[in-house]
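Each of the next two complexes has chain A plus one other chain: chain B in the first, chain C in the second.
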Partner chain A sequence: MSLQELVFLGVAGITLAGACLAVTLKNVFYNALSLILCLFGVACLFIFLGSEFLAVIEVILYIGAIAVAILFAIMLSRPMFQKNVKRNPAKILQAFAVSAALFVGLARVIRSTPWPAAETDGDYGLAAIGKNLLTVSLVPFEAVSLVLLVAIIGALVLSAKGEPR
Partner chain B sequence: MSQSLESYLFISSALFAAGVYGMLARRNLVALLISLELILNSASLNFVAFNRFLLADKTAGQVFVVFIIALAAAEATIGLSLILLLYRKKHSINIEEAKELRG
Partner chain C sequence: MTELVKIILFGTLVALFVSVNALFLVWMERKVSARIQLRRGPLHVGWEGLLQTVADAVKLVSKELTLPKEGDKFLYLLAPALVFAPLLAAFLVLPLGPGLVIRDLNVGFLFVTSLTNITFIGIFIAGWSSNNKYALLGSMRAVAQNISYEIPLLLSTMGVVLIAGTLKMSGLVAAQEKLWFAALQPAAFLIFLCASLAEANRAPFDIPEAESELVAGFHTEYSGMRFALFFLGEYTAVFISSAIATTLFLGGWRGPLLPGPVWFLLKTYAVVFVVMWIRWTFPRLRSDQLMNFAWKVLIPLGIANVFLTAVVLVFLK
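== the complex of A and B ==
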C-alpha cells in the first residue's frame, strides 16, 4: 500500500471520527470542536479530489467563520452549564436505527451501481472556476450575494430585537 | 483507493447518516445546527467527487460547492441569531422549550 493510500485512510478516519463525535458527545462545546476536526478532514479530502480552491475555502469559511460563530453562540447562550435533561433511550435507539438503515441503503445503492470509468484530467484551476462563476452561473452568483445580504440584515434585526432596553 | 469514486461516496453517506442521527437524537438547538453542517458537508463532498470522476467540465461541481458554502454561512448566521433570541427569552435552547411560535 502506497503512502498516498495510507494518508487517505487516515484522513477518512479523522473525518468519520469527527462526525461521530460531533453528534454523540454530550457537551455541546466538544461537539463544535469535533465538527472542526471533521471539516478539516473534508478539506483534506477536497485536496485528494484535486480542488485546492475548495479546500482553502472550506478552512477559511467553514472553520474560520461558521464553526467560530457556533462557538460564539455556545458561549453566549451557555448551554454547557445547564443540567442535561435525560433522554428517552428508546428514542435514541430509534434515531440510530433510522440513520443506520439510511447508511446501509445508500451503501447498497453505491455498491450495486456500475460507475463508468473515471476521467480525471481537466482544468481544475481557480481561473476556470472564476470564469464559470461570472459567465455560466452569473445569475445564481448574484442571487447568493443577495441572500447573504438579506441574512446579514436579518441577523442584525433579530439580535437587536431581543436586546433588553 | 483514493482514486475511486465509491470510497468518497461511502465517506459522504457516512457523514450524512451521522448528521441525520444528530438531527433526530439531539435536543439542543446548537447541536442541531452542527448536524445540519454535517449534512451540507456530505452533499458538497458528493458534488466534488462526482465532479472529479464523472463530469467532463471540471468547474461545474466546484461552483456548486461554493454556492453550498455561501448558503450554509447565511443559514448559520440566521440560525445562531434565532438561538440567541430564544435564549434571551426562555433562558434555554432546548427545542422542547420552543413550542409556541407567537411573537
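== the complex of A and C ==
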C-alpha cells in the first residue's frame, strides 16, 4: 500500500469514527467535539482531493462558526455535573428511520449524478467557484442570502421579545 | 523519501524557531513594558536580562502538574495541544524570502485563519474541562470575541486580495513591488491590526484573561508546562499575526540592501513592538464595548472598504 492510500484510510477512518462517536456518546459536550472531529476529517478529505479552498472554508464555516455555536448552546443549557438523561428506544428507532430515509435519498441523488472530473490547475478551485456563484448559480445564491437575512431578522425579533423597550 | 526528510527538517526548524521566538518575545515584552512604565526590566541574568526567560522556562518545567479534581481529565490534557498545534501549522505558508516558503498554498493566509478556529475550540475545551467558573467565563468570552473579530479580520484582507487578485502569499508580496498595501489600504491595515489583536486575546482586548476579574481566564487551572504551552501559544500567535500583517500590508520580505528573511523578521518584530506598545498604553475594554466596537465600527468600515476598493478597481479597468 502506498503512503497516499494509508493517509487516505487514516483520514477516512477519523471522519467515520468522529461521525459514529457524535451520535453514540452520552455526554453532549463530547458529541459536539466528535462532530468537530468528523468535520475536520471532511476538510482533510477535501485537501486530499486537491481543493484547498473548500477545505479551508469547511473549517472556517462548519468548525469555526456552526460547531462553536453548538458548543455555546450546550454550555449555556446545562451544567457539567448533571446526570445524563436516559435514552428512549422508541425515539432512537424514529431517528434511525428518518436518517435512513435521508441516507437512501442522498445516496440515490449522488449515484444518479454524473461526476465529471474537474481540471486541477492553479487557482481553479477558488476562481471557478467565485465565477460560478455570480453567473450560473446567481439565483440560488441570492435566494440563500435572502433566507439567511430572514433568519437573522427572525432571531432578532425572537430574542428581543422579552426585553422592555 | 526526500519528502519525508524535508518534513522532518522543516518541522524541527519550526519547533526550534517557535521556542526561541517565544523566549525572545517574553523578554521583549518585559523590556517594552518596563520602559513604558519607567522601569528597567530584567537585568541580571545574561546581557540585559536576555536569559531571564530561559531561567523562568526551567522553573516552569520543574513545577508540579496539577489536575482539577472534578474536571474532565481527557479534555483537560487535550486542550493545551489543541491550542498550540494549529499555530505550528501556520508556519507552512509564511514567506520568508523569494522562494522561501515551505508550501505556497493557493489559499494562502486563509489557511492560517481557518486553523485559528481550532485554537478557539482548544480554549473552549480548556475552560470547560477545568470545571472552574472563572475558566469557563474566560473561555466563553474568548470564543465570543474571536467569532466576532474574525469577520472584520477577513473583511480587511479582502481589499488587499481584490487588488492583488490572488490569495497566494508569494503573489501578495509580488503585488506590492511598487507600493505597500498599507499605503493603498490604510483603513484595512488598521482594521486588520485591531482584529488580530483581539484574535490573539491581547490587551486592550484581553477580557478573556482579565486578571483583575477572572484570575487568569481559561488557563486558571493549568500549571507547569501545560500553562507554558498556552503562553507559548499566545506569543506564537502574536508573531504569526504580525508576520501576516507584514506580508499583506508591509511588502513582505521586500526591502533594499538586506536579504529577504532579514527584512521579513525586522518588519514582523516592528509590528510585534507596536502590538506590545498598544498593550501597555491602553486600558482594557469592557465586554460590551468590545462587541460594539467589532459590530458597529470595524465591520461597517470593513464592508465600506471592500466596496470602495471594488468600485475603484472597476473604474480603473
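Methods note: the second predicted complex is superposed on the first by the 117 of 165 C-alpha atoms of A that agree within 3 Å, B and C clash if a C-alpha of one lies under 4 Å from a C-alpha of the other, contacts with A are read in each partner's own complex, and residues count from 1 in each chain.
What we mean here is this: a contact is a pair of C-beta atoms (placed from the backbone, for glycine too) under 8 Å apart; a residue touches a chain by one contact, two chains touch by 3 or more.
Since we're looking at a predicted model, the values are computed, not measured.
S.K.: Between chain B and chain C, which makes contact with more of the residues in chain A?
M.R.: B
S.K.: Touching A:Ile153 in the superposition: chain B (first), chain C (second), both, neither?
M.R.: neither
S.K.: Once the shared chain is lined up, is A:Phe46 touching chain B (first), chain C (second), both, or neither of them?
M.R.: The answer is first: A:Phe46 touches chain B but not chain C.
S.K.: Examine A:Val59 and indicate which partner it touches, taking first as chain B and second as chain C; both and neither are also allowed.
M.R.: A:Val59 contacts chain C only, not chain B.
S.K.: Which partner does A:Leu134 contact after superposing on A: first (chain B), second (chain C), both, neither?
M.R.: A:Leu134: touches no partner chain.
S.K.: Touching A:Leu33, do we find chain B (first), chain C (second), both, or neither?
M.R.: In the superposition, A:Leu33 touches chain C alone.
S.K.: In the superposed arrangement, what residues of chain A touch both chain B and chain C?
M.R.: Chain A residues touching both partners: 53, 57, 65, 72, 122-123.
S.K.: Can you name the residues of chain A that touch chain B in the complex?
M.R.: Result: residues 4-5, 7-9, 12, 15-16, 19-20, 22-23, 28, 31-32, 35, 38-39, 42, 45-46, 48-51, 53-54, 57-58, 61-62, 65-66, 69-70, 72-74, 76-79, 82, 85, 87, 91-92, 94-96, 98-100, 102-103, 106-107, 110-111, 115-116, 118-120, 122-124, 128-129, 131-133, 136-137, 140-141, 144, 147-148, 150-152, 154-155, 158-159, 161-162, 164 of chain A touch chain B.
S.K.: For a test of understanding, state which residues of chain A touch chain C in their complex under the given definition.
M.R.: Contact set of chain A toward chain C: 29, 33, 36, 40, 43, 52-53, 55-57, 59-60, 63-65, 67-68, 71-72, 75, 80-81, 122-123, 125-126.
S.K.: Can you check the complex and tell me which residues of chain B touch chain A?
M.R.: 1-11, 13-22, 24-28, 30-31, 33-35, 37-38, 41, 44-45, 48-49, 51-54, 56-60, 62-63, 65-67, 69-78, 80-85, 87-89, 92-94, 96
S.K.: Within the complex, which stretch of chain C touches chain A?
M.R.: 70, 72, 75, 105-107, 110-111, 113-115, 117-118, 120-121, 124-125, 128, 131, 136, 140, 143-144, 147, 150, 166-167
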